[in-house]
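Several structures are given next for inspection.
Shared between the two complexes below is subunit A, which pairs with subunit B and subunit C, respectively.
This part shows the complex of A and B:
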């Protein structure tokens, strides 16, 4: 297949560039500077939290699954981190390990229910999220634990205006891109998302692939929880009210990953996260009413997916199905 | 004997029978804990409170059985209550025109959801998630953050009052009558050509389209019906509980839980509207049971979460056991032709 059209990832990065340009001009017209250190810092900081969640979400969505529990997992993780560290610098490694263990276990529970009990992922992760919510509401009535100052630097320090948390997020994103492109399990995820029956009959252990995706998604939510803990200096159950899971799903879909699985990738997701962050910063600088932001965000998400859908229809209409040149299975190609 | 066995199979089969068996079991526990619950006044109060969720479940059923989701209903219920308070602003004379306007608005939101999903090929999950954000933001933008105005007495009649002094029963709430009328309407609707095409669409979109079913039309209609059900639910909830900024929050998940509890399969094509409404009643009965048992309210989400996972896992297992045909893949998010 000759690639005359831009692939989706290139398109989304062009869109990001466009959003940055238009945002920069709009802010400049208002007499400000979108690229001032303060604004850049704000922009980058916004990317890291949603970024962690969205990278994990990309993996499960690629497998045609979903995770609505990440917001609750992140809140739980922030509490685990803060209570384990309890103000002691020496406990920082233990706290991080505990968070990754707990969040990985939540992911494993999600994965096991989806893969082995055959429960729809929407219901599974909604249910697991509710279970965690009930636990948090019952057990923690306010902030708990204490994060040592050294660990708070994860949330506040920066290298050349780029916050450490953003650098960590980008490193995780790079690992995610490598994982999907170069490992066997990564390729299996595309296959499972493309058609789980065909994948199973081709000898892929679809159960294990789903489990892996969910465990990694849970651990990414754990990282987000660590970031929340370091920002707040304490663990907070209340953060789940921010509906981070919907933000993450929006970013993944904006990044060109198909909600039906099998197509997309982490690179696009990072751009999706960045677009949402740039928009948020621009709205903030321009002092747009926060409620108008919700309206715009909803409209943008719908519009983006409508555009992708249009492209998909065009492409499938034109592509000859079996040609000698087109031997590579397109749906399994990391975008 | 075989009849007994088939009856047992119907009750345990994860279908329509199961949810009502579950409902009866929960009622039995409630009765054991608090025998007074089954006296007419408290039973009527229960039904009055449950009516909005039952009506929402019927609306959501149409959307789910055709293979879609409607995540915007909670925000729509909230929006409708706020719109009513702002436009009526305590004036009795405005009640009816405003209710008419609300029905139009609900239908318009449903129509927008449906057209974006079918004509623009956006997955309904994203469409209605976007609509949720738009409604949430737009309503607060319009009112400046907090709801303004107030509802008229006649507006609140539907949610609060009923036919008084009925022998044996005391008060028959309007909400119950509205619920029964709409429920009967929904059952009738599913028996028409529309209903059959709707289920067929959820089961196999391509085959339905090839056999001449208007797939996009019925799906859009389903969204409009869901928007209308959210409007009616909004009128009842506004009447029952009054105006606040939090009305409807999280309701989309509660109602999807209810529909799924009724054995309706996400992804479409299976389940009945009666069972969906039964699922809503069961969920409300469960919340009542939590109250009776004096469980800490904060623990409710946990129990709710565990129950829906268990219910769906049970239904999935039953389907796997009963159907020998090749397992259809779980399709969580359909409505996009590949």
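This part shows the complex of A and C:
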């Protein structure tokens, strides 16, 4: 009963703690240490890429939309970054600007098709993703461009074992939390996802809200692309084969954001990303074979969402009046 | 113009898909007046209101608000012009708080950011100004009772500084006791000089609250009169175009009731306890009680949606385990749900497909003879539709309800549960439905009737079980008074 009073975000952070504890014990039982600098570094590094994508994905999912094109956008962005920078330190700001522009435009295209043409977001972003894939496949038959060493530090440097990329991701997450809570546009995303008709009738420009969510989601994918470029030292079209978009969606849903929109937030998403990262590191340290790893990951995601679904059913249901078999009315509880 | 008006509508025309819904309608609303808009379903009241709210745009005609000609193409424009509308379907987000809902789209800001403290403060002020002291600004709307959600909705309308508040059947979802709250709010609005345009099917409310009444019929203006100058009988005559003789059909004599068809003993679950209830063939048993007292829960238990976990149920003397709707259907139970759009109909499917739905889904209920009987059931209910292929979403509320009833009658049930069967249905159609319900009972069905309008339960039921806090507080025979029912419903014992 007391658990139900906890809000969803607190519950997810508890789950993260649980995963860390169980993982730590499992690794320790295997004779290792999950909290060694190397393993911690691995964990943090894993959070940043999915983190960028998942933060943007949170915004569109809150609006009851979806973006399946983020993996392709990230791949495209890595190429834009590497070819624009072209090994020149002086070109770094230009490269970043170009990436944010291109990825923002992809998001804007997604948003415009969803908001103004009324095309289902699943189909829209799948289609836009395929268009980008086709372009990448025909234009880039291998790595292209060159990322200056200074920019590669974004992917590899760390401050006290925490990679710079993770810190940047957390900063973006903090900005996302602030955006959703304190700006009208962010706040309106809950309304658009909760009930678009109500939002419209309340005077919210739902199309602009959706556009904003998609543009920001695209730009987050752009940040992921910058990270990829800095890690590989070059732009690579191949990275879309990793299906990052599915990881991002999994993290968002693990983080307690309703896939149907209107409820959730970036704080939960960060925990979702962290849970996935911890699991992957644990599997890695324990040398779980890749097949079993995917099976476990899938099972954990489904189990988590099933638990949320139960909670949500409980939450929306009428409060029970009679509890035990003897059915004495519970005194003192407001009906 | 001799008198000042907040709103003047002249010659409003509107058609949908070539069907004329409004034909040259005029309407005048004066400041501080509560103005009723009445008419049968399909008379055009809702369309007129939606034109005023900016949801639809009139094909022809002029709207003058506070002396200025206006034309709305978006709800926002109507809001800015001082028209606030409280729709029948709630316009609230359950996951947001009362304050967030009230200020949705107009959040107070400080240095460009949402000022939540100001939002809470202004909500609290607004609520206390409206005389509401039991609603917290921070409460999630989804956790509120229907009545409180309604209050939040009205507070939202008020916060927009409206000169004219339009309410589309605000009491449709309220139990009688909660209606009082709404009355108080409307009085407050009147005191402040805000005009209220009030659409309702409940005549008593109209005469209790309204100063003037405008009657529409078939999209045309019939008359606009002062409430003091007309009797309820005459108003009904204006609405339906003919006088309805008696409000409720004559019941069968008590002795004509047959065997017990539905028997619940000691039924209970998380929301109900100790439910003992029998319904005989030919009998209409009414379930009365306040919102949340357990009326709907009994219906859901009988139909297996939220089954009884204690006690026994027998249909026609045979014990049955009602663990799901399929079991209930197999036992010969039919259920007309409260929310026909969400639970009763596949709105984008045809009349024919909807009427066959239960038969097609339940092999044991299916037979060629039953399918072939559907057209005659539909015509016996006086369904008005273009044909069996028309999608039900294009039918009026009353006609949609007839399709729901028909799909259940097709299964030749022994017990029929009617949860708020007349919700959102106009007076004329209500009367036809009353007659139909009585006729069902006369054919030997056991009818379990739930209605939040007491007068309906009292007028129609042969026996009334009054619920309070999940238990049957008392049973009353036909002809009980509202006072007796309310005594049980509010937990007092009647004198």
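Brief remarks follow.
We adopt the following convention: the second predicted complex is superposed on the first by the 313 of 335 C-alpha atoms of A that agree within 3 Å, B and C clash if a C-alpha of one lies under 4 Å from a C-alpha of the other, contacts with A are read in each partner's own complex, and residues count from 1 in each chain.
The rule we apply is simple: a contact is a pair of C-beta atoms (placed from the backbone, for glycine too) under 8 Å apart; a residue touches a chain by one contact, two chains touch by 3 or more.
Owing to the predicted nature of the structure, the values given are computational and were not obtained by experimental measurement.
In the superposition on chain A, A:52 makes contact with neither subunit B nor subunit C.
The partner of subunit A that touches more of its residues, comparing subunit B with subunit C, is B. Of the two partner chains, neither subunit B nor subunit C is touched by A:154. Of the two partner chains placed around the shared chain by superposition, neither subunit B nor subunit C is touched by A:240. In the overlay built on the shared chain, the residue A:191 is in contact with subunit C alone; subunit B does not reach it.
When the two structures are aligned on the shared chain, A:199 is found in touch with subunit C, with no touch to subunit B.
Touch criterion met: A:181 reaches subunit C, while subunit B stays clear of it.
Common to the subunit B-facing and subunit C-facing surfaces of subunit A are residues 195, 197, 316.
On the side of subunit C, the complex with subunit A involves touching residues 55, 75-76, 79, 87, 91-96, 100, 104-107, 109, 112-114, 142, 268-274, 292, 294, 297, 310, 469-470. Those residues of subunit A lying in contact with subunit B across their complex are 64-66, 113, 117-124, 126-135, 137-138, 195-197, 246, 249-250, 253, 259-260, 289, 291-299, 301-302, 305-306, 309-310, 312-313, 316.
Within the complex, the subunit B residues that touch subunit A are 69, 116, 120-123, 125-127, 129-134, 136-138, 140-141, 145, 253, 256-257, 260, 266-267, 296, 298-306, 308-309, 312-313, 316-317, 320, 326-327, 329-330, 332-334, 336, 338.
On the subunit A side of its complex with subunit C, the touching residues are 181-184, 187-188, 190-191, 194-195, 197-204, 262-263, 316, 318, 320-323, 325, 327, 329, 335.
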